[in-house]
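Listed next: structures, encoded as structure tokens.
Paired with chain B in one complex and with chain C in the other, chain A is shared by the two complexes that follow.
What follows is the complex of A and B.
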């Protein structure tokens, strides 16, 4: 076996590490360890001169393993792996010790911090001693894309991808395109017609030579992995279509909250209490009226129905405040002499043009009344015979502290956005996860907001969380751009730190097959052993810890590597300080 | 002299390790007794890792994973939870107090929770005193 020659580099990170950790003492101590050929400390290891230091030492001293003690590997592991590659070493012959986020920034005693830093570096040296070179693997990309959902998000993504000359399969559950946007009259804050926007896109989509449309079609199961997915679509129970595609965009949209469970509002019992979707229909038909066909004199708009309340949904649905203001504007134009009441919990007017829209709308002779969303919802009851209206809304008005009775002929409930009832089935079919509210989870909430943890699957629009039309389109086009970038590359790198079965040790118990969340392990009946499909494997290592014989090796996190790291960590304790 | 315990901590890469990083970037202060090992998923944590840590002289072992339902690999944390209950029973038969092994969920945004957890765990272990497994094993080695 090749002699192990390890280089250790301790970073000062300017003063970030050096103030709390005696970097000189750390590098000196490491020199004493077996196989450590060189141990140095330097001001900024991630800088070009810092990386050159490693590259030159690798060449000069024939180093074959490198440890850098610096910040979190989540920040610079890739930087240093690149440096190793530049020096002709396999990038996986590298390990980082996190002595900034886990030491210098969180501890206050320099002596203790230094000892802890030393122990982490010894752990890293021990681990890297057992590292093995791993080869990059890549798979070819099928340039076709499957888009699930024909709302504004799905349509926008489809057009962008199809315009680039690549094939798109668009699957829509219903018989109609446009999703919820098609049910909206005007949009906030500029009062553009939603119909005009969506109709234009739908026309383009239907006539697009690169888009194949499947209406009234549902997705059941999708097989494969990034670049090479496939599914069978069942159309009208008889016809079957087999599709192959390289990437998937999930744009399944939202469901509106059903307010019949909120006793205070009497939805379903009081005919003139309607939801925002029902009101939107009235606007589309151009007639605002009560059930009896009369023109309402008093219109009450209640906010946060199903949102921001621990009994229903804790999250904010983001669009209802502005939609409610939009209604005031439309009502004021349609019924100039009506009384309009906004019964709100908090007015949330974030986003471009929205605060201005709020200011403008509030000047249109509209009454704003605040209620306590957490503790006391307004109550709607039928009006008495003497009252000159249909309904009475009782509010404990928060700003004045007074109980107020508001007359109403029509009450509009601003219902919240919910995850789709079929969200779970789709999540299962494409292999993505859901948060507690059943919205899909993105790969990283800030840095990777449209990708998912399953390579090749993207989430856009309201299936990811409540949002408005421009945000949905931004996400859709972002996902489309991500996919086009991958199609252009032609191939994509896949995880190399996968599991691997040692066939000689495998006893064929198939425990690993039961625990694998990616069905990446199959059973070879002839040899009586488990086999890992390394393209499906994501490297979680669950099979490795379940394997009773130790036949499964989790690359880059092998038993040997971790056990040795534990020994290293425990070789220096705080005791002597 | 004060007892200064050493606690080996296994954190999953996606939630808990990121949470611990956040504690760092937010400059939250916590006890220096925790030493972190990064694994991709809490589902990777084998019983042998935990036993090895105690064998090498750790006074406590802290395992952190994603909250239920949030696992990057769908359900590795559930598998970890099942193993945890078994290992906790097992270590008690070895004479190790069950509180020396703890499992908790820390998300990527819970830097504060991680710092508090590290302090809490350190306090628990300080109250329990040093873990004698390493010494006992060494004595046994000599006798055998």
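What follows is the complex of A and C.
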């Protein structure tokens, strides 16, 4: 076996580390360890001169393993791996000890912090001693894209990708394109016609030579990995089509909340209590009227139905406040002499043009009444014979503190957005995760909002969380751009720190198969062993810890590496205590 | 001496010894039945206290490396076990840790969940059938009018053989399957190339499940743990899939799935497959992934159902595991 020649570099990070950790003492101590050829400390290891220090030492002293004690590997592991590569070493012959976030920033006693830093570095030295070189791998990208969902998000993404000259397969469960946008009359805050916007896009989509459209179609399980997915489509529950594609956009949209469960509102029992979607239909037909066909004299719009309440959904559905204001505007034009009441919990008018829209709308003789969404919902009851209206809405008005009875002939419930009832099936088919409320989880809530933890799968529009049309389109086009970038590269690097099965040891107990969050493990009946698809594998290590035989090894995190690291961590503490 | 005898290979010199053991391993050597004639034809037994009348002084008188093969069974519980283990090491070319106790500590190793004091208190004072008002306990040295009496020192820890001497091979099992012993023995007799030192012999690389004939699927979802007598075993389905803890997946094959064929789950006597340093931890980790619940409280309740987890997962391996013993 090749002689192990380890270089250890302790970073000061300016004063960040050096103030709390005696970096000189740490590097001196490491010199005493077997196989450590060189141990140095330097002001900024991540700087160019810092990296050059490593590169020159590798060349001059034939180092074959490097440890840098500095910040979190999340910040600079890649930097140093590159430095190793530049010096002709395999980038995985490297280990980082985090003595900033885990030591200098969180401790106040210099002596103890230094001791802890030492033990972390000894752990890293022990681990790197057992590192093995790993080779980069890449896969070719199939330039076709599968888009699930023919709403505004799916359509927007499809057009962008198809316009670039790449193939798109658009799958829609129903027989109609346009999703919820197609059921909307005007849009807030500029009162543009939703129909005109979406019809134009749908027309272009249907005639696009690069888009293949599948209506009334369901997808079955999707197999494969980024660049090389495949699935079977079921059209009209009969005909089957097999497809291959490199990337997936999930744009399955939303479902509107069913308010029949909220007793206070009597939806389903009181005929003139309707949902916002039902009201949109009314608007699209051009006639606002009660069930009996009369012009409503009093229209009450109740906000936050199913939103922001722990009994239903805790989240805000984001679009209902502005939609409700849009209704006031449309109602005011249609019924100039009627009374219009906005019964709201909080008026949320964020977003471009929205606060202005609120100000404008409030000047149109609209009554705003506030209720306590957490503790006391308004109650709707049938009006008495003497009342000059159909319904009475009882509110404990929050601003005045007075109980108020509002007359109503028509009540519109601003129902919340919720995850699609088939979200779970799609998540399973595609291999992505959902959060507690069944919306899909993005890879990072701030920094990577359209990707998922499964490479090659993107989530856009309301399947990721409630949002309006421009936000959905932004997300859709962002995902499309991400996919185009990958198609342009032609290939992608895949994780190399993956798990693999030692077939000599695997006994076929199949414990590993269902623990894999990436469905990367399958069972080979013939050989009676588990098989890891190393392109699907993300190296999370779950199977390695579940495997009772030790047949599954996680590259770069083998038992041997981890146990020796633990031993290193313990050695300093034990010596000095 | 006839021509035939002259051409014969020189006979092996073989020893069998027991440390802290139940005697089962020695009996397993006798279990070769009529094959004993083959053994005796190929080897002279030069030391085997359970069966043959050799004395300590005979062993001591042997030159170093005199014995070709020693099967040491039993764990190291006291200074005598250790002393003879060291002596045998000195006198032996190939020292085999024979059986679970020598291999990993075995059943006697479960004593590492207690201290020496706790064990003495229980055995010599507290058991229901003990009558010992003066609380007399064994002493290492005891003075009597005739002189000093000496007993071996009872250690606080039980150790596997390799924690006191250098071991050449491990032949696991409680006791080892006799066929495996014969295979190993014949390989040595026939001068076959032996595997690299410090490895397990007489057992397979693959664990029990590979041989086990029960039906296995990926559907190992446990909502409730059962002890074997609490379920009506269908005799066909994987024990784990029925909620019965079976150490088969974390245990080397080689025994012929004896327990499982007798409708009892594997208890782990053959020890871990290669590369696994702590079979108990491995199996616990595997079992943890099978628990079919996401709610922490429900998970806790399911785990609570495991009777004697330490004794279950470390039944044969405690002293040889990373854990080694209970910290007191």
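FYI, the second predicted complex is superposed on the first by the 545 of 577 C-alpha atoms of A that agree within 3 Å, B and C clash if a C-alpha of one lies under 4 Å from a C-alpha of the other, contacts with A are read in each partner's own complex, and residues count from 1 in each chain.
We take it that contacts are C-beta pairs under 8 Å (C-beta built on N, C-alpha and C of every residue); 3 or more make two chains touch, one makes a residue touch a chain.
All values derive from a computational prediction rather than experimental measurement.
J.: In the superposed arrangement, which partner chain does A:191 touch: chain B (first), chain C (second), both, or neither?
T.: Neither: A:191 stays clear of chain B and chain C.
J.: Could you say whether A:559 touches chain B, chain C, both of them, or neither, answering first, second, both or neither?
T.: It touches chain B and chain C both.
J.: Once the structures are superposed on A, label A:488 by its partner contacts, choosing first (chain B), second (chain C), both or neither.
T.: It touches nothing on chain B or chain C.
J.: A:507 in the overlay: touching chain B, chain C, both, or neither? Say first, second, both or neither.
T.: Touch status of A:507: second partner only.
J.: Which partner chains sit in contact with A:241 here, chain B, chain C, both or neither? Use first/second/both/neither.
T.: In the superposed model, A:241 contacts neither chain B nor chain C.
J.: Tell me which partner A:549 touches in the superposition: chain B (first), chain C (second), both or neither.
T.: Once the two structures are laid over each other on A, A:549 reaches chain C alone.
J.: Please tell me which partner, chain B or chain C, touches more residues of chain A.
T.: With both complexes superposed on chain A, more residues of chain A are touched by B.
J.: So which bits of chain A does chain B touch that chain C touches too?
T.: On chain A, the residues that contact chain B in one structure and chain C in the other are 515, 542, 545-546, 559, 563.
J.: How about chain A: which of its residues touch chain C in the complex?
T.: 502, 504-511, 513-515, 523, 528, 542, 545-551, 553, 559-560, 563
J.: If we count contacts the way the header does, which residues on chain C are in touch with chain A in the complex?
T.: 205-210, 216-221, 238, 240, 248-250, 253, 272-277, 282-283, 285-286, 288-290, 322
J.: What part of chain A is in contact with chain B in the complex they form?
T.: Residues in contact with chain B: 72-74, 98, 100-103, 105-109, 112-113, 115-116, 119-120, 123, 433-436, 441, 445, 453, 497, 515, 517-518, 538-542, 544-546, 554, 557, 559, 562-563, 565-567, 569-570, 573-575, 577.
J.: For chain B, which residues are in contact with chain A within the complex?
T.: The touching residues are 1, 4, 6, 8, 13-14, 17-18, 20-21, 23-25, 27-30, 32-33, 35-41, 43-49, 52-53, 56-58, 69-76, 79, 83, 108-109, 115.
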